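Here come two complexes built around chain A, the first alongside chain B, the second alongside chain C.
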Partner chain A sequence: MATITIGIMNPPYESANTPTAFRMVDAAIRKGHDVNVFCYEGATALGYAGQKQHPNAVHGASIEEEDHPNPKEWIKALLAFANEKQVKLVWCNCGLCVDERGVENQIEGVCRGSPVDAWKYCERSDGVLLIGTE
Partner chain B sequence: MSKYLLIQSKSPWESGDVAQFYALARELGKAGGEVTFFLVQNGVMSARTGAKDAAFDQLLGENVRLLADDFSLRERAIERGTLKPGVKPGAIDEVVDLLAAGAKALWH
Partner chain C sequence: MARYLSIVETAGRASIEEQDDTALWFSHAMKNGGADVSILLRGDAVNYALLNQDAKGLRFGARAVKGPDLVRDIKAIIATKIPLYAVAGDLADRGIQSSQLVPGIEQIQRSGIARLIEGHDRILSW
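Moving on, here comes the complex of A and B:
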């Protein structure tokens, strides 16, 4: 089995790049590969534990009815999936980017690193994909 | 032979760089590379029969494997039968397989 590193930069709720990246991680885990995800810049807010669901006043839907998905839940699900499949999923945030945004309160399982860690992940990987913002 | 994976996430109507990304794929193919060009998100819009994108059409028939993400096609109600000849629907698994096989990957 291979090791794949994926870099993400987009912040949550803004770009189709985010669900596409999540789909790639899901597919890689399903195939039994180890995956490193390095979140840079705005993507460090993907695992922010303070994300909250909201009702939809326009459609008169409650929080429960709306069931708005937050990316922190997708990350939790991916970490659980990796555990179930017994593959390694590292979800690492750029620490400086986290501090800049004040999103230190992350869900369990997300780690903190630096671009040096990103470089190490890439060096040890069979395949690398960086999904930039532009 | 080097393997390349180029992923196009934008349509040519939202970014002026898209045509250059097509050209890069074409040139890599001409140079003997094994190139997969994966259309995803709005990138699949050029693959519709009738879509006017001359730069994309230059890729058709070249030494480039053209895939359109099946999920992105479904999201946009684009049927498999309406794709330009030479473009096939593909799952995101294709991207993972190429990354696992060590393909050099670029996202645009």
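Moving on, here comes the complex of A and C:
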């Protein structure tokens, strides 16, 4: 099986690029591939542990009914899915980007790295995709 | 009280995570707070007017993602008496027929946009 590195730049709740990236990670794991995800700039907030669900008065929904998506839960689900499928999923944040944004409090399983780490992931990969932002 | 027109053009930007379109949601929240607001769908946002859209079925691993229910949201906007317009030419460009639209949406011609803007005091362009 192959190893794939995917770079993400968009912050949560801003772009369709985010669910697209998650779908690609899910699909790669589902097919048995190892995946490295490197989050750069705003994407480092995807794993921020402080994300909270909320009710939605416009939808007329309670917090339970709304079940608002927090991307940190999507990352947890993908990490669990990789474990279940016995493939490797690395979810790595650009450390300086984390510091700039004050999102150090990340969920378990998310690591911290640098552009050099991203480059090393790329070097060890069969395919690389950077999903840039506008 | 000023009359507001929300012009929504960007579509599907964060709707999976937000479970709605944030510009429509913001406009609806304004209305609920007492504002006089209308909405114009143009460009790709005219797709929001489709009656039989369905974004369900997405999963990440074992976690299901509900996604947006834009038919619910558009119907709620209409039920709340927010005037909702869509640019007819933008619908036609995308092959969307009038019969495919959520009932209650008023179509306007591109040539009528300026007049619609003239009829409002504040324009929110999303």
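Basically, the second predicted complex is superposed on the first by the 134 of 134 C-alpha atoms of A that agree within 3 Å, B and C clash if a C-alpha of one lies under 4 Å from a C-alpha of the other, contacts with A are read in each partner's own complex, and residues count from 1 in each chain.
Quick note on the criterion: a contact is a pair of C-beta atoms (placed from the backbone, for glycine too) under 8 Å apart; a residue touches a chain by one contact, two chains touch by 3 or more.
Everything quoted here is computed from the prediction, not taken from an experiment.
J.: Is this a clash or a fit when chain B and chain C both end up on chain A?
T.: When both complexes are placed onto chain A, chain B and chain C end up side by side without any clash.
J.: For A:G132, decide between first (touching chain B), second (touching chain C), both and neither.
T.: In the superposition, A:G132 contacts chain B only.
J.: Report for A:A16: first if it touches chain B alone, second if chain C alone, otherwise both or neither.
T.: It touches chain B and chain C both.
J.: Report, please, how wide the angle is at the C-alpha centre of chain A between chain B and chain C, in steps of 10 degrees.
T.: Between the chain B and chain C centres, as viewed from chain A, the angle is 60 degrees.
J.: With both structures placed on chain A, which of the two partners, chain B or chain C, ends up touching more residues of chain A?
T.: The partner making contact with more of chain A's residues is C.
J.: Who does A:G113 touch here: chain B (first), chain C (second), both, or neither?
T.: In the superposed model, A:G113 contacts neither chain B nor chain C.
J.: Just to be sure I read the superposition right, which of the two partners does A:A2 touch: chain B = first, chain C = second, or both, or neither?
T.: Once the two structures are laid over each other on A, A:A2 reaches chain B alone.
J.: With the two complexes superposed on chain A, say which partner A:A57 touches: chain B (first), chain C (second), both, or neither.
T.: second
J.: Looking at the overlay, does A:M24 come into contact with chain B only (first), chain C only (second), both, or neither?
T.: So A:M24 only meets chain B here.
J.: Can A:H33 be said to touch chain B (first), chain C (second), both, or neither?
T.: first
J.: Please give the nearest C-alpha separation between chain B and chain C in the three-chain superposition, to the whole Å.
T.: Across the overlay, chain B reaches chain C at a minimum of 5 Å between C-alpha atoms.
J.: For chain A, what residues appear in both contact lists, the one with chain B and the one with chain C?
T.: 16, 23
J.: Can you list the residues on chain A that touch chain C in the complex?
T.: 12-16, 18-19, 22-23, 25-26, 29, 56-59, 66-69, 71, 73-74, 76-78, 80-81, 84
J.: Using the touch definition from the top, list the residues of chain A that touch chain B in their complex.
T.: Residues 1-2, 4, 16-17, 20, 23-24, 27-28, 30-31, 33, 126-132 of chain A touch chain B in their complex.
J.: Give the list of chain C residues in touch with chain A in this complex.
T.: So the residues of chain C in touch with chain A come to 12-20, 25, 28-29, 32, 58-63, 65-66, 72-73, 76.
J.: Which bits of chain B are touching chain A when the two form their complex?
T.: Interface residues on chain B, with respect to chain A: 5, 7, 9, 40-42, 69, 71, 91-93, 95-103, 105, 107.
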